[in-house]
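Before anything else, here's the structure in question.
Each chain gets a letter, A, B, C, D, E and F, in the order it is written, and its residues are counted from 1.
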Amino acid sequence: MKTIYITRRETFNAAHKLWREDWSEEKNWEVFGKCSNKNWHGHNFSIYVTVKGVPNENTGFVINLKELSQILKDEVVEALDHKNLNLDVPFLAGMLASTENMAIQIWERIKEPIAIAGGELVKIKLVETENNYVEYYGGKEPF
Amino acid sequence: MKTIYITRRETFNAAHKLWREDWSEEKNWEVFGKCSNKNWHGHNFSIYVTVKGVPNENTGFVINLKELSQILKDEVVEALDHKNLNLDVPFLAGMLASTENMAIQIWERIKEPIAIAGGELVKIKLVETENNYVEYYGGKEPF
Amino acid sequence: MKTIYITRRETFNAAHKLWREDWSEEKNWEVFGKCSNKNWHGHNFSIYVTVKGVPNENTGFVINLKELSQILKDEVVEALDHKNLNLDVPFLAGMLASTENMAIQIWERIKEPIAIAGGELVKIKLVETENNYVEYYGGKEPF
Amino acid sequence: MKTIYITRRETFNAAHKLWREDWSEEKNWEVFGKCSNKNWHGHNFSIYVTVKGVPNENTGFVINLKELSQILKDEVVEALDHKNLNLDVPFLAGMLASTENMAIQIWERIKEPIAIAGGELVKIKLVETENNYVEYYGGKEPF
Amino acid sequence: MKTIYITRRETFNAAHKLWREDWSEEKNWEVFGKCSNKNWHGHNFSIYVTVKGVPNENTGFVINLKELSQILKDEVVEALDHKNLNLDVPFLAGMLASTENMAIQIWERIKEPIAIAGGELVKIKLVETENNYVEYYGGKEPF
Amino acid sequence: MKTIYITRRETFNAAHKLWREDWSEEKNWEVFGKCSNKNWHGHNFSIYVTVKGVPNENTGFVINLKELSQILKDEVVEALDHKNLNLDVPFLAGMLASTENMAIQIWERIKEPIAIAGGELVKIKLVETENNYVEYYGGKEPF
């Protein structure tokens, strides 16, 4: 039984700001800096979703990448691409649109569909710029 | 006399939308598609600025990259990074915030400072996503 | 009148071999080396297609990237993705499947549809590996 | 004792198809989609091989990268580069040429030579396209 | 309590050689090959620093990336950028300037400042070329 | 007659400094900044060499990439890889080791061998970091 990990990348482009309504503009600037611009800024995001499993004897696949890609298109890209993360995305409403929170909420959204497709979601990597990204293992701490 | 071309890259992250106030929402959608989302979307932009010249005998440089980088930081990154291209940028006001228009306006903004620093601006490449970019030669048509 | 250049990237994965039926195996090996493996090899190709024009006053666009992308999907990706370039592609039949020949044939295939969409095709860049690519300007020689 | 991980990348270009002889063409298409094209397709593969160890006091190395690179050239690149993964590779014969299976078989092939060179193979990452890759830890499940 | 991992990249360009004064030139060549050139060679290094934590309820952040970036600029880039790793860097003095040793020494240097900023350093990835990098988890062995 | 352009990339890692012996340390710092560090720094360089021609009817090639790669290995990589550009490279002796000068000297070195192999050298692109590169057309000015 050979456990293996397979990863699919999808991309989306979105606007957001880091801003708390209950803070003054000065306080927002102090904590969030340029990211607090009231008029928004944006990014090209890349998301890498990793599924763990044993290759199926009939197909050689841990999960069919066509199915995994479709889940990500339906649940992530459709919801986030060319959107405002603070205004347009119900599952991010009422929280700070940080990459940390985005990764956690995306996890909750895709875990079940991936399980139904026969895979086990074990990692999300969300890349915001060439200089920063977050990784989320469902709360687990592999290191 | 050996003419050579030197290029410097800078990056900025910004929000924008492709939207005409004098068009209906349907018309905007028909022409601009997802890019017309009223609540904005955004990108990680990369700009490559090319300067032409003959290496200076004393320095081996066409232009000092420290100076070129400083011009780009002052005139481009400071003006566009973490900004809303439709709302926050005086030199883009009143026009569609397409990559084409951005490149043309940036050209007008940096041509003179680069000339003062001893270089001749000959090309701007503005990359919006891994799948699309524009190149502008000041209106010239090398091919 | 500000002429500007806009480029769209698409990708496709294909098999091919460099092989002449009228040459011996030894001669094929001597000229084409590893690329002459009778059982094929393959690549992830990227194609960058550049269109020249003046931004439309109504849209700010040289060409609508949705339309350009659709042309490339219909005429290039549909024809070449997950295909054998020697066996499955009518417009490459009977010629060596070199990147040079591919670029020239793709040019002939997309020039007219791009013109109908209002653009002028001026360059194709076809990337075969991180170490080699060809560029074709329709036979023109900008340098 | 400071355990550290060192990784070497090598590349190879190969053709393959996902196809079961005991299935109909329709069934192959249903499961494997475009990847089932009978005439093959191909990819530029990148393989990242990770070795764990404590830096040698005399050399500062976990493993000499020249040796690791040579092992990968001998055992992986020589066997797979410019080859047909279904037809030309004895150690992949009789199985589906999925990236999952490739990673598992490559592991078996290089584990011993790396051990002889003084390293412990702990991970293989096999990248098929910019959008998908597999990771194999010898069957272990770090997360 | 959702543990998440956030990573920041910084870059620096430096010269070094792999060379032991107590070995002959022949012995140095035998072990270190081209890297033993007495007159030095160099690289563009990228360092990826990963911090683990639970997003702060007030900010949505594991650690403020502005602070993390400043620590890396102060402790790593300032010390290593445009430097000779064998001659100019006190914390690398007297040891082989291998990527393994660099990663270990950088860990010791940034662990405390990151802790003071409220984060837990859990991984350093140091990339020397597109073909090799090391990863260090403070001596831990996640796999 | 279809003129086409083909490009081959090679890489090398080298140390250098920007430094004039006839200038004071202060003057060197003022002009060259960090690049004037007396103890050297270094880079991973990439060189892209472009050859122009008409595909050969027998081979489909403008130039055989195996031959072009061999010329670059013999004349560029062998001379520059893991070298000190100021001390170890006869064809750069006595001049500032700027990317501009490097590109011009490499041109002189490879033009003739490429002509003998049946190609016409038309462009060298020399990339020093992800943020800067030079392009040289043999002194011609395509734009």
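Everything below uses one rule, namely that contacts are C-beta pairs under 8 Å (C-beta built on N, C-alpha and C of every residue); 3 or more make two chains touch, one makes a residue touch a chain.
What you are looking at is a predicted structure, and each value in this text was computed from that prediction instead of being measured.
Remark: rotation between chain D and chain E after Cα superposition is 120° (nearest 5). Between chain B and chain C, two chains of identical sequence, the interface residue sets overlap only in part, with shared numbers making up under half of the total.
One of C-D, E-F or D-E repeats the interface of A-D: more than half of the contact pairs, counted by residue number, are shared by D-E.
Work out the mean CA point of chain A and of chain E, and you get 28 Å between them.
Residues of chain A found to touch two or more other chains are 130, 137, 140, 142-143.
The set of touching chain pairs reads A-B, A-D, A-E, B-C, B-F, C-D, C-F, D-E, E-F, using the touch definition from the header.
Taken in their complex, chain B has these residues touching chain C: 18, 20, 31-33, 95-101, 103-104, 130-137, 139-143.
The touching residues of chain E, counted against chain F in their complex, run 11, 13-16, 34-35, 37, 39-44, 81-84, 87-88, 129-130. Only residues 1-10, 50, 52, 55, 58-62, 64-66, 69, 122-123, 137, 140, 142-143 of chain E touch chain A when the two sit together in their complex.
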